[in-house]
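Both complexes shown next keep chain A, but they swap its partner, so chain B is in the first and chain C is in the second.
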Partner chain A sequence: MIAEFGHFALLLILVAGFSQALLFSPIRLTVGRIAAALSFGPKTAAAVSGNAGTGTVSGAGLDADEHPDMAGSPVEAYALPSNMIALPVVILVLGLIAQAALIQSFIVSDFSLPIVAGISHSSTPLLFRVGAAFITDGGAMLLWVLATALANTVFALQVFRRSSQPDTSAIVQNQFTANALSILGIVITVLAVVTLVDADPFLREAVAPLDGRGMNPQSQDMLRILREPALYLGLAGLAVIFAVTVSGLAVRKIDRGFAETLRPWVMGAWLLLGLAIAINAYRSYSQQAWGTWWYWDTAENSLLIPWLLATALVHCRAVLEKTETLKSWTAFLGISAFALGWFGVYLTQSDLLSPLPKMLTQSGNSTALLIGFCVLFSAAYFLFWRQSDRMAEQKAFGFVSRESGMFVNSVTLSLMAAVILIGTIYPLVLRWVDGEHITVGAPFYVTTLLPAILPLMFIMGFAPVLRWRQDELWLIGRRMKLAAILSAIIILFVSIRFIELSPLPLIGLGLAGWILTSSVSDLWARLWHQPDHGESKYRNLQLLGPRYISMTLSHIGLAILIAGGSASAVWEEQVVLSARAGQSIQVGPYNLQYEGVSLLAGENYATRQATFILYRNSLPLEELFPEIRYYPIRGTETREADIFHGRDGDVHVSVGDRSEDGGRIVTVRFLPMMPWVWGGMILMLIGGSVSILTRIFLRIRKNGVPAS
Partner chain B sequence: MRKPFLAFICLMGLAMPLAISSPALAVNPDEMLSNPVLEERARDISQELRCLVCQNQSIDDSDAELAHDLRVLVRERLVAGDTNEEVIDYIVARYGDYVLLNPPLKPETYVLWASPIVLAILALLAVAAFYRRKQREAAAKPDTLSSDEETRLNEILGKSENGGSK
Partner chain C sequence: MSLSRAKARKRQRMYIIGAVMIAVAGAAALALTAFEDSVVFFFSPSEIVEKSPIDPDQRLRIGGLVEEGTVSKQQDGKTVNFVVTDMAESITVAYAGILPDLFREGQGVVAEGHMSPNGTFVASEVLAKHDENYMPPEVAESLKKSGHWEEIEAKNAEQMRN
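What follows is the complex of A and B.
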């Protein structure tokens, strides 16, 4: 019964999404005009003809050929009654009902639903039964629908609030925002259809199995489950960006207002996709004996590609907002980020690139997802092709300017995304073309991406101190003097201290130092060398603004991440041995004492838990408990490494089976500066949040003050 | 003197995985060769080879059984006196190019390897064209307002003269 409730809610989402698409679209006005001509409903007719008088109404609203003077035109009356806000809210409530119904089915272990029987089991702990609702194809699609509905509601609130002046009854005054809501309605409709056709989570079978097949032990991991909401909320943010961009293209309003509307969405999507990537990396790192945090596998690449494009968009959007240039490039990125996010979901859900044969992957059908992708984005790109070169850009910028720095940076980031995309789908294409199987792995990506990353990092160092419009090279040189000297000292120090170091990690460390020193010295200059405002230095800090702080934190975070990544790869120490209880293992500056293995019972698994005591300078620091878990339902084992995050590096311990000589196979890795990688990622995420949180904080404070 | 010893190690390497039935940890001490030079070479080769049942993991990283078998095979060939290239060729001959993490340069992969270069050149050309157009537009337009800007300005001024809506 609960599942049917959810199923019905999902169907209603489809209907409501479609209604939203229609009600906010220009078609509504045509219908209204016909109704007016038939004098059918006098009140609506009056309202509609009133709009028609202002000249915004166009039968084919998406075809802006009819009103070429639309570019840059200010707010246009496009009156919609205020109760229209109810529609996005209804969709959100329906989405919550559907999601709750699915979660409830998992909680009560309703095995008549194949989705529950396929992945859950009566012995699965409650937390993971709830989480299981997100990680199947159908559940993930439903989560995506819910996330998009949430973004849709927030966007509607943003739009309705902005235009709700007390003196007008018209709420959505702008055809631009109405179109965006209409396109979001289309996206929600398509996603709901895809969910129902491809992987309907609410299907029932007549005969329920006695118990489920159990969760894949690899997925019984909180990080794995938390990745899903981050990913799909990020994609929902990209959906809003897509809708706003397409709408902006349709009415040729790619201008400052457009960029301002996009601002929280670009930042939010960038942040959430980054969070999903960070979670994914840490999960790879902490599982089993791997200790590697990036494999360039399909799931990782399909997160990285939209994130790179979102990063490019963050920069282009800022340029657009400031100078109203790079219009069509920003629009192209806005469409492409969502397109590739969607395509990534298709690649991971279809399991086309899985090394296992089709029948082993238990992947469902993803055809509707692909068809939806083709229809939606071919329409969007067609519109882009028609409209892009008609957007006039009045302002120019010189080759050496802030705009240039951000433009070149975004082109490089998109280039990297394109290379990763080609590397990801090439094996697939080749398999279709001539049946040849090849692998594109880490060496390919490293060789091809490195030539792009190095100049990117170099530009990243000085781009923030560039002036807008036009700058001079020698002036930049003067501003970057300190940073250049400091990073040269870093490179010199590292190369002398570690004579045997190969050039590549040296360049990586040097460039990280370059970004770090230039960010810090610029911050320093802004804080202390500003012309005196007659106030405290605290005032200077305030003057920096959340955007500058956010940018600086993110850049420093990336520098730290790159430094940590290069260092840990170069100076990694690894010990693999067959250990006996009481044996001591030396790795890096640490000493690990193996205490033995005890057999313990987890909630739905049995575990062999090894105990290690970590010493440094013969002082005990911490106990580490790597495990081998055995999940009887699926009959498979997982390895859980334990990690100590120290000052100078991570100690990564994992255990294996008994070896022939009666000892326990132990793998210990010391990864110097590995905490820098995680710290860098966190700093980037904090940088992104600063921008969003200050905005929310300021809005709350503004609203808190009485309007009079 | 060295050959029989290595053969013994190699036999040991083969026998051990048979004795251990459950999945083995990436690079077991049992698999490792006692000759550190050979072992180092084995590790290098292992990082180039893909575990056939995993998502883009090298056999050095994977604890799947198949990866284990391949690691043993690599060491076996090394002990038999193969060079690194010969070992890789031997494994490719059995498992195909699929096993190579770094796709080899051959007619089927020309497009793959050329694409980054072609894309980079296209991007450079596009950026150059963009700047040339910018420059031409800037040269064509002196520092006066464009007609669009002028109408916009008039619009704004006109509005404020009428008292403004806001």
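What follows is the complex of A and C.
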């Protein structure tokens, strides 16, 4: 019964989304015009039809205020419907109802739903039964619909607030907003249709099985479940960017106001996709079966591609807001980011590519997802093609300028995204063409991405200190003197200290040092070399502004991430041995003592938990408990590594089977500087949050005045 | 004045388009050359026997079923030997390390590594990141080629019922 309720709510989302699409679309205006023509007679009709061709100009001279009683007149047609907030809120509530119904079916273990029977079991812990609602295809699609509905409501609130303020260009603004809301309505409709056609989570079977098949033990992991909301909220942010971009293209309003509308969305989508990537990386790191923190897996690539485009968009949007240049490039990125995010979801849901797919039970078809993708984005790109060459750049900028630096960086980022996309789909194309099976792994990505990353990181060092519009090379040289010297010292030190090192990680470390020193020296210069304002030095810190702080934090985070990544790849130490109780294992500066294995009962599994005591300089630091878990429902084992994050590196311990000689196989890895990778990721996420949180904070404090 | 400005703008756009074109061409060239030497091909045991001797430097993937009763630990305690078969030909695989969670006798497996001169396959990575009754598509295809697919399918179905 509850599931039917959810099913009905999903159908209503479809209807409501479609009516939002119609209600805010230009079609309604045409209908309104025809109605007006019929009711006001031929004279008005002629005037209206004369106006129809000139589009946005027609209402500009008229009174822009909203008059509910002027129904049917052309002025009202350009004003937004007064119930603008109502429809998005209705969709959001319906989405919540549908999601709650699905979660409820999982909580009470309603096995007449095949989705519940396929992935859940009565013995699965409650937390994972709730989480299981997100990880099947149908559940994930429903989550995506809900996330988009949420973004839709927040966007409506954002523009509603703005449109309630008196504004001279209210008519263009209103048309632009209405179009964006209409496109969001279309996106929600398409997603709801795709959910219903491809993987309807609310279907019932006549005969319910006695119990479910149980959750795949590999998915019974908190991080796996947390990744999904982050990913789909990020995609919902990209959907709003897409809608705003297409609407901006339609009314040819890609300008400063457009960039300001986009600002929280670009930052939010970037942040959430980054969060999903970080969660995913830490999860594959803590799973013994995979071991490395980046696998170049289809699922990982399909997160990384939209994130790279979102990063490019963060920079282009800033240029657009500041100087109103790079209009069509920003629009192109805005469409492409969502397109590739959507395509990534398609790639992971259709088991086309992954050589070792996650699950047999959910390899349903994703045809509707692909068709929706083709229809939506071919229309968007067609519009882009028609409109972009009419958007003349108002201003030019010099070759040596911040605009140019940001532009080159964003082009490089999108090239990297393109290369990763090619690497991801190439095996599929080859299989179709001549039936050969190949795998594209880390070597391919390293050799192709490296030539792009090197100039990217080099420019990243000095782009933030470039001046807008026009700058001089010798001035840059003067400003970057300190950073250049410091990073040269770092490279020299590392290459002398580790003389046998191959050049690749050395380049990584050197570039990390370059970004780090240039960011810090710029920060230093801003804090201490600025003229004193007759106030305390603390004033200089305030003058930096949230944008600068967020950018510097993210850049430093990336530098730390790259340094940690290259160092841990080079100096990794691995020990595989058959250990007996009491045996001590030397790895890096640490000493591990194996204490034996105890059999324990978990919530729905039995676990063989090994105990290790970690020593450094013969002082005990911590106990580590790697496990082998046995899940009786599926009859499979998983191996959970245990990790110690020390100040000079991670110790990663995992255990395997009993070996012939009576010991137990133990794999210990010491990864120097690995905590830098996690610290860098966290720093980048903090950087993104600073930008969003200060905006929210200032908005609350200044009581509704946009703070930027 | 205005004309020269328009010209400058046009020229700037030309520069931008040119730069983008060069970058795209460079990326395409890089990707193609990288594909040539860093792509890993997948072979079934029959294909390996057909093509042998295979250059030991070439990285490749091998996939098939783990033959029952062939998994054995070596003297050093950490190297595992097992035989991968597509029911027509078999190849011995040696792997040092902990086998993945879902590695079972009689189940599908994919191993990445290289051929040693003495005809065994030295795996640097064994992949079995899949469901317990799931067959990697490459393995399924190679079994279909060797004509033993129905037999395995029936056996798996039998196991599922039990």
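In this section, the second predicted complex is superposed on the first by the 647 of 708 C-alpha atoms of A that agree within 3 Å, B and C clash if a C-alpha of one lies under 4 Å from a C-alpha of the other, contacts with A are read in each partner's own complex, and residues count from 1 in each chain.
We take it that a contact is a pair of C-beta atoms (placed from the backbone, for glycine too) under 8 Å apart; a residue touches a chain by one contact, two chains touch by 3 or more.
Please read all numbers here as calculations on a predicted model, not as lab measurements.
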{"item": "Fit-or-clash call for chain B and chain C when the two complexes are aligned on chain A", "value": "clash"}
{"item": "Chain B versus chain C as contact partner of A:G635, first or second or both or neither", "value": "second"}
{"item": "Contacts of A:P503 with chain B and chain C, given as first, second, both or neither", "value": "neither"}
{"item": "A:G582 touches, of chain B and chain C: first, second, both or neither?", "value": "neither"}
{"item": "Partner chain in contact with A:T667 - chain B first, chain C second, else both or neither", "value": "both"}
{"item": "Chain B versus chain C as contact partner of A:D434, first or second or both or neither", "value": "first"}
{"item": "Touching partner for A:Q218 - first (chain B), second (chain C), both, neither", "value": "second"}
{"item": "Footprint overlap on chain A, comparing chain B with chain C", "value": "288-290, 355-356, 392-393, 396-397, 399, 407-408, 411-412, 415, 418-419, 422-423, 426, 436-441, 443-444, 447-448, 451-452, 576-578, 637, 639, 654-657, 659-660, 665, 667"}
{"item": "Chain C-facing residues of chain A, complex", "value": "216-218, 288-290, 355-361, 392-393, 396-397, 399, 407-408, 411-412, 415, 418-419, 422-423, 426, 436-441, 443-444, 447-448, 451-452, 576-578, 634-639, 654-657, 659-661, 663, 665, 667"}
{"item": "Complex contact set, residues of chain C against chain A", "value": "8-9, 12-13, 15-16, 19-20, 23-24, 26-27, 30-31, 34-35, 38-42, 61, 73, 77-78, 96-102, 110, 112, 127-134, 136-138, 141"}
{"item": "Residues of chain B defined as touching chain A within the complex", "value": "16, 19-20, 22-30, 32, 48, 50, 52-58, 61, 63, 96-103, 108-109, 111-112, 115-116, 119-120, 123, 126-127, 130-131, 134-135, 137-138, 141, 146, 148-149, 152, 155, 166"}
{"item": "Complex interface listing, chain A residues touching chain B", "value": "71-72, 74, 165, 288-292, 295-299, 354-356, 392-394, 396-397, 399, 407-408, 411-412, 414-415, 418-419, 422-423, 426, 430, 434, 436-444, 447-448, 451-452, 576-578, 637, 639, 654-657, 659-660, 665, 667"}
